[in-house]
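There are structures below to look over.
The same chain A turns up in both complexes below, where it pairs with chain B and then with chain C.
So, the complex of A and B:
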């Protein structure tokens, strides 16, 4: 199956298909916030007023993706989100406390559900086709993607809009920060894998809305071919992780030496990155590796940003300098493996190749 | 009525409107401001939260929420009753 179009709102300049990561954005602090477009030209003003930030981001990214694909009504809309619409959830819960569980306003409650974004896209498009939302923590995007791939494979659909959306709000950032997920002190995303990031606890918070139009027939403007996806849960050790990687590649009938680039989910947290460090000394020792979470931060559906990144590397045949790629510059990148994990629990492998 | 208009704008997140954009007798629903049933619930909550007025009879809704003026009259009448 093929990635025909993408739409992405992230902490980088990605919306509206600007030159591919040519102006990386640096942040100080442990929280990366999405760069949002002006929604007025994208979403009906009457609908915008009820949409929280994440709903606007999701809907706008989906619209951009559909517009690029020239699709007005996809055969299916599948979304993945771990946190859902946190802002509305926070608002609703805060009001429950403030008003002693009485006089609760309906809008925040209605919009707080995890399927709101997929539903809003369906409503906007007046699309009554298959519409599903996956809420599987660190597997949310992968589950949505797998659903989309199966719909295409089983010929239930000819094109599927698949996306991932997660936001960080003041409330969720404060809670996750208190739980020790993020780095303390002076932090900058540009330095995440350099001096300040090495060997210290925590990562940087991120968020994003990434959408993909998948189709089972090729077209002249496709980004890449989506070859395979695999998830695995709580592996016991590095040997088990290596076994999963090997079996995944074997299922695709390729070896590691046929992969031009591996995008890894290194996030700056010493414990989390230990897995990547070990692999780099073992089965990835001869591979070209790049990391991406300095661009979008860490969040449960960050793999969607990695897929957007990989698709754009293949389509544009360029490697943004911000990725600090050390492999041979003259060699075209035709096949990319994404290996990511969220908090060492949810692991995923994605393989894409040039069409 | 200016305060009420400000409260309605805040409660319903009518971002592009200012209080002076809403006429006192302008219909709030459908052809006027274009509010819908979810907004009606928000307005009921507004009455309860800000004025401690509970709309006891649902059939009164269309009459009470016809315009800012009818809302204001309803609030004034009920506040007088509560004194």
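So, the complex of A and C:
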């Protein structure tokens, strides 16, 4: 199956298909926020006012993706989100506590349900087709992607819109910060893998809205071919992780030497990065690796940003400087493996190749 | 991809019983589970009746094996999932590729609410252990880990159609040869968040709900969990207790009309039901019973009823909403009602639509009002419709 179009709102300049990560944005602090676009022309102004931030971002990324694909009604809309609509959830909870369950209004509650973004996209497009929402932590995007890929394989759909959306709010950031997820003191995303990343605890918070239009049939403007996806849950040690990687590649009838680039999900947290460091000395020892979470931060559906990145590397045949790629420059990147894990619990492998 | 997917086991906990036998007994004896709040705490205690599972968290923890500090959503889930697996009688589950696909609408919200009251006064306060399982997926993982399932674990949340989607997603994982066995369904506990949310929408009935009644006033919220064990043909062949029911059809469609309201002609419901029929290769007249979504709200029942009229007129199957017994269990309802649908086939029974007094004047048909025994039920259609226009229908068939 083919990645025909993408739409991506992230802490980097990614929306509206600007030059490919040529001006990386640096942030100080442990929280990267999405750069919101001008929504005019994408969504009706009256509707925008009613939408909370995550809904706006999700709907806009989906609309950009569909416009690029030239598709008005996809055969399916499948979304993945770990946290759902946190702003509306926090708003309704706050009022509920403050007013002791009285004097509440329905808007925040209505918009807090986890399928709101997929539903709003369906509503805007007047699209009666398949609509599903996965909400499984670090597997949310991968589950949505698997659903979409199966629909194409089952011939239930010829094209599917698959996306991932997660936001950070002041409330969620404060709570996750207390849980010890993020780095403390002076931090910047530009330095994530350098001085501050060495042996310290915590990562930097990120967020994003990334959508993809997948199709059964190729078109002249496809980004890449989506070859395969595999997830594995709570592996016991590095040997099991390696075994999963090997069996995934064997199922695709491909060797590691045929993969031009591996994108891994280093996030600056010493414990989390240890897995990638070990693999770099083992199964990935001869591979060319780059990392991406200095660009979008860490969040449960960050793999969607990685897929956007991989698709763009293949389509544009360029390697953004910010990725600090050290592999052979003359060799074109035709095949990319993404290996990521979220908090050592949710592991995923994605393989894409040039069309 | 065309191989059938069989139902090997079912498990349930709801306001009318802590297991299948208790629920069946309540259904047969028209004993609804709706009452004043006993375990759940809200300022609306005296005003809004709910359908509670009649156990506190300590008792649920004992029954499930999880700690009583965990979300009630997880406790309910584990009780029903364990019953489903034990009912299936699969001996070598660890040797098979097994998945747990669970649905819920608000994850560990019951604990988050507790945390939030303290957190709001000072954001350094509130016990983190109360918010660490806030995410929907975290509830699924608490249960999957107890069940020892790790080959594939995921969570679906599409409001009130969530667990119907979980069930057919599980079936597709088997059909795509990704898994051999799937435990699929959903869970939801009563929370202040949901109760107050529905209350602001003014669709909660302050009396006991009357689905499909001309004078219906709204829904009663409930809680519980329902799971079914789905197996491939290969696994079914090895089971000592041979499956008697298969999942023969499903469809997910979107009403695309309004974030919370259904379209007047029930377009999404019509598409879901007709799509499920098409998938199963059945005709409307093949359906012996419809387990209605039937929430008891003005809007749902007329939309669903109109869609049924469009699809089935003039030959209507028997139908009823079991929400008059269990309340609307939201993310769990598709799982609970799938269990009722399967039991209807296995036991040859049809459930009454309790408290139905005046048939809706717009509809030329009327749900069943008595418990029917010793009747042949071959094909059952189960409807689950939710916010966001999400409409899903499942069809279970006798083998």
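By our rule, the second predicted complex is superposed on the first by the 355 of 355 C-alpha atoms of A that agree within 3 Å, B and C clash if a C-alpha of one lies under 4 Å from a C-alpha of the other, contacts with A are read in each partner's own complex, and residues count from 1 in each chain.
To be clear about the criterion, contacts are C-beta pairs under 8 Å (C-beta built on N, C-alpha and C of every residue); 3 or more make two chains touch, one makes a residue touch a chain.
These numbers come from a predicted model, not from an experiment.
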Chain A as common anchor, with chain B and chain C clashing or fitting
fit
Is A:104 contacted by the first partner chain B, the second partner chain C, both or neither?
both
After superposing on chain A, what angle in degrees do the C-alpha centres of chain B and chain C form at the C-alpha centre of chain A, to the nearest 10?
60
Of chain B and chain C, the chain that contacts the larger number of chain A residues
C
Touched partner set for A:46, first chain B, second chain C, both or neither
first
On the A-aligned overlay, A:94 touches which partner chain: chain B = first, chain C = second, or both, or neither?
second
Figure out whether A:220 sits in contact with chain B (first) or chain C (second), or with both, or with neither.
neither
Chain B and chain C, minimum CA distance [Å, superposed model]
7
Doubly contacted residues of chain A, that is, touched by chain B and again by chain C:
104-106, 110
Report the residues of chain A in contact with chain C in the complex, numbered from low to high.
77, 82-84, 89, 92-94, 96-98, 100-102, 104-106, 109-116, 118-120, 122-123, 125-137, 139-140, 143, 147, 150, 153-154, 171, 174-175, 178-179, 231, 233-234, 345
Chain B partner, complex, touching residues on chain A are 45-46, 48-50, 99, 103-107, 110
Per the contact definition, I'd like the list of chain C residues that touch chain A in the complex.
1, 42-44, 105, 107, 112-113, 116-117, 119-120, 123-124, 128, 131-132, 135-138, 140-141, 144, 150-159, 165, 169, 172-173, 175-176, 192-193, 196-197, 199-201, 252-260, 267-268, 271, 386-390
Chain B to chain A touching residues, read off their complex:
11-16, 34, 38, 41-42, 45, 48-49
